[in-house]
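First chain written, first letter: the chains are A, B and C, and each begins at residue 1.
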Amino acid sequence: MSDSSRDQILNRLHAAIGEQPQVIPEPADLPQESLDRSQKIEKLKVLMEAVRTEVHVIENQDWTTVLKDILKKRDLRTLLYAPGTPVGDRLQEAWMQESDELPELVTYDGDIEDFKEHLFGIDAAVTSTVGGIAETGAVILWPDEKEPRLMSLVPPIHIAVLQADKIHSTFSEAIEAENWAQRLPTNVVLISGPSKTADIELTLAFGVHGPKELIVLILHENR
Amino acid sequence: MPNDTGPNFQQNASRALDDQQLRKNFKFAMGNFILKRKQIFSDESETEQLRQIGNTIKQRALSQLPQLLERLEQNCSRNGIRVHWAETTAEANQQVLRIMNANEANRLVKGKSMVSEEMGLNEFLQERKIEVVETDLGEFIIQLNDEKPSHIIVPAIHKNKQQIADIFHQKLPDTPYTEDVEELNAIARRTLRQKFYRAQVGLSGVNFAVAETGTLCLVENEGNGRMSTTVPPIHIAVMGLEKVVERLADIPPMLRLLTGSATGQLITTYVNMITSPRKPGEKDGPKEVHLIILDNGRSAILSDPQLRQTLQCIRCGTCLNHCPVYTRIGGHAYGFVYPGPIGKILNPQIEGLKKAGELATASSLCEACAEVCPVKIPIPQLLRRLRNESYTSEHLATVKDGGCKKNLMETIAWKGWEIINTHPQINAIGNKIMSRLGARLPRIGPLKQWTRYRTAPKLAPKSLHQLVDEEGIRHE
Amino acid sequence: MPQESQKPEKVYYFGTCLMDSIYPEAGLAGLKLIQREGVQVIFPREQSCCGQPAYNSGFPKEAQKVALKQIRLFAENYPIVVPSGSCAGMMKHHYPLLFEGDKNLQRVQQFSERVVELSEFLVQSLDIQLADRGQPIKVTWHSSCHALREMHIIEYSKALIRQLQNVELVELQNEHECCGFGGTFAIKQPKISGTMVADKVSDIRQTGAERLLAGDCGCLMNISGAMDYQNVSIRTQHLAEFIWERTHAK
């Protein structure tokens, strides 16, 4: 019976700790530097590029134009996107204006159980992000009903759109500033680059399970 | 009686030392890891600060372990994660089986998990006709070849690409021989995508479980962990009960320490934080998430304030990489799930000193492990303690099979050593006799082992005590 | 720069058991180096061993008895200079652990605080200046694990070598790796230990050095034994003896 296992384990642990457990002081805070916005953008870009992410800083320009150029260089049939999100809606609009030589927009239709076959055949996906971390170089995703978890994992190319003002200096800062402890969603993912492995002779290879390419578009409005 | 005496460590180590290819593979890989860690932790004082934080976080968590586990259970339950407790690995295996049976599931994909290795889960499920597929590339390689991990972070590091090419060619249908690493990866990707697609259950380990929020944190580079915990309708996470931390704010420093120590990375490709199963309206993610919390001897370790430090371990593997013994013999020679310095202190405490006590002798106490441990476990100090536990009187022992190595020969030898070194006259006479005998000392006992690789030490004709006397140095 | 006031009038010298029986000349050289700087050296006659062999092998009770014997012999408030990183590490950092919860703990701590390794003492407290009288020579250096990781004194040892004008120091590729001695480790796991020391010998050979220097007799005994076994004719020497040889007027 696992109920009794639970009690036995907890009883043993309580006994092991004793009546007066050792009091250990709080850990010190991590040393951290405070960066201004352009420094944060630069640091995130450099670090993510170092792990083979393609990073585009888009200043005061329509990002969908840049995206279209990126896509045209690749021979893609389908692009998964999330309508109903600011990123998805803007994308849809841009495709309505002009979509020659561009992949066909597809949506995550239905639950994974029904959509699985389709999903595993899609070429690329565009998602939004809730922020970034300069210190380690990563984007933060909070997948939700509109942007399911597998959008950023199954298609071979993942394009993530990041607002420059959402880049935090450190992970600790992100957790604190946005009060994560009180409002964590089903799943949070930090992503720093394309999927990779070094399991064979420590030789780096990309795209072993997840995307082979990660493209980050940093939208920087500094007007 | 393999159950009673455990694996033959000396024989295993000897065989490993004779395997030049194996030694070359490890030397190359470990050297690389050491270098990468050094690059990422280049600022010594900052690293020291960070290690101190890691040490404090883990010590704090251990000092309130039962409370934190209860809080974790409460918060997980509130979030919809079902929590199970297992006293033993057998019980944990049964729990996995029960969940699978309840869902009529017979296909399981696995992300990398050392606790599942500890459980012997693969063999257990396979005996019950359940397909188990390791999806971490390294684990996949050794599973194909019916082997165990030789390193806790890079399980197939003992194989070079020619050996891996052979395994793929022989074990995977319609796979031509190729040594091209990109191609080998592509083969694994194709094969495993099918498995993810079809599996009904995904199983993973846990790097950190956050009591405050009921969140399971997993780090990885490949994406197989995210696949295993997102595609199949059921996710089972297994964790040793020491993996719980108090607050979400503990995660950033612990992550830095883990990834920096394990692979020399600032951050892994993915940090996957799971707080609940799929919510209504969400389109993917498992409908059920189960967390199995395993004891298997850990609660006993907690009761000793010194040995408790063993439980601070975050399984980064950096002590393996820096260990001059591990680097030479590799992981398999240890004969247990956890190799290297951490294995030398963990296995004897879980399996008992009779079975695993010899591991504690396989260290020169060089302290390379303690110097790099991200949570500052004093491994050499704990090795001394375990050596002592082996020789102590049974009633004074705290570790299983304590006193099992107690024997007259060694007891007398050390008592004799004590008498010689506390009685200067005896010491002086002994020294004189020894130096006269000199090279004629019989090659038996310790000297026999010593002279297998070296000539015997030559005793000086006059001791330092005599020289000092002759020089007229003051004694008081 | 070290202050003149740091230089003590008197010090104790702990000669270590291996120096006593195998490397007495090195022990004496270390002692004379201190004397030459005008410091009186006291060598308590009844000293023997720091207790590390038993401590490391799982016999702390026996180690305690031997340790306590030394502690009683070095009772006055003088620095205790130890020409070994390993024995110094034992006496400075492990004695307080060995006596944790023991009634003698306070006394032990007072003893441990006074322990200083020879190289550090020569550089930090005496600000020793060495005038090299020897022929040009190429040497290499082996760092003992405890000198490196417990005592953190390797830079002092190397600073001393670098003071010698005619000595060229070539560093090992794996200087930070253990030579495989480890006391009873060499006996309990002979093949692993033997492989480690064989690798150390290869590393030493590739430097092309004529001599190997070290600050710990355990390592010296291990490495020289292995070189002898393999017929490698590179001489090994304790740093103190090397310095004394090269700097004293004949």
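Please note the rule applied: a contact is a pair of C-beta atoms (placed from the backbone, for glycine too) under 8 Å apart; a residue touches a chain by one contact, two chains touch by 3 or more.
Keep in mind that what you see is a predicted model, and the values were worked out from it rather than measured.
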**Message:** From the C-alpha centres, identify the chain that is farthest from chain C.
**Reply:** A
**Request:** Name the most central chain, where centre means the mean of Cα atoms.
**Result:** B
**Request:** With chain centres taken as the means of their Cα atoms, state the distance from chain A to chain B in Å.
**Result:** 31
**Message:** With centres defined as the mean C-alpha position, give me the chain A-chain C separation in Å.
**Reply:** 54
**Complete:** Residue ranges of chain B touching at least 2 other chains are none
**Fill in**
Touching chain B in the complex, chain C uses residues 15, 17, 19-25, 27-28, 31, 40-46, 48-49, 51, 53-60, 62, 65-66, 69, 97, 145-146, 149-150, 176-178, 180-199, 221-222, 225-226, 228-229
**Item:** Complex interface listing, chain B residues touching chain C
**Value:** 10, 13-14, 17, 324-325, 328-329, 361-368, 370-371, 381, 384, 386-392, 414-415, 417-418, 420-422, 424, 427, 431, 434-435, 446, 449-460, 462-468, 471, 473-476
**Message:** List the residues on chain B that touch chain A in their complex, please.
**Reply:** 25, 28-29, 32, 46, 49-50, 52-53, 56-57, 59-60, 63-66, 69-70, 84-87, 91, 95, 135-138, 141, 154-157, 159-161, 164, 181-182, 184-185, 188-189, 192-193, 196-197, 212-213, 215, 221-224, 226-227, 230-231, 233, 241, 247-253, 255-256, 263, 266-279, 281-285, 293, 295, 299-300, 302-303, 305
**Request:** Quick one: which bits of chain A touch chain B in the complex? Just the residue numbers, please.
**Result:** 2, 5-6, 8-10, 12-17, 21-28, 30-31, 47, 51, 108, 110-113, 115-116, 120, 133, 135-138, 143-145, 148-150, 153, 170-172, 175-176, 180-181, 184-203, 205, 207-211
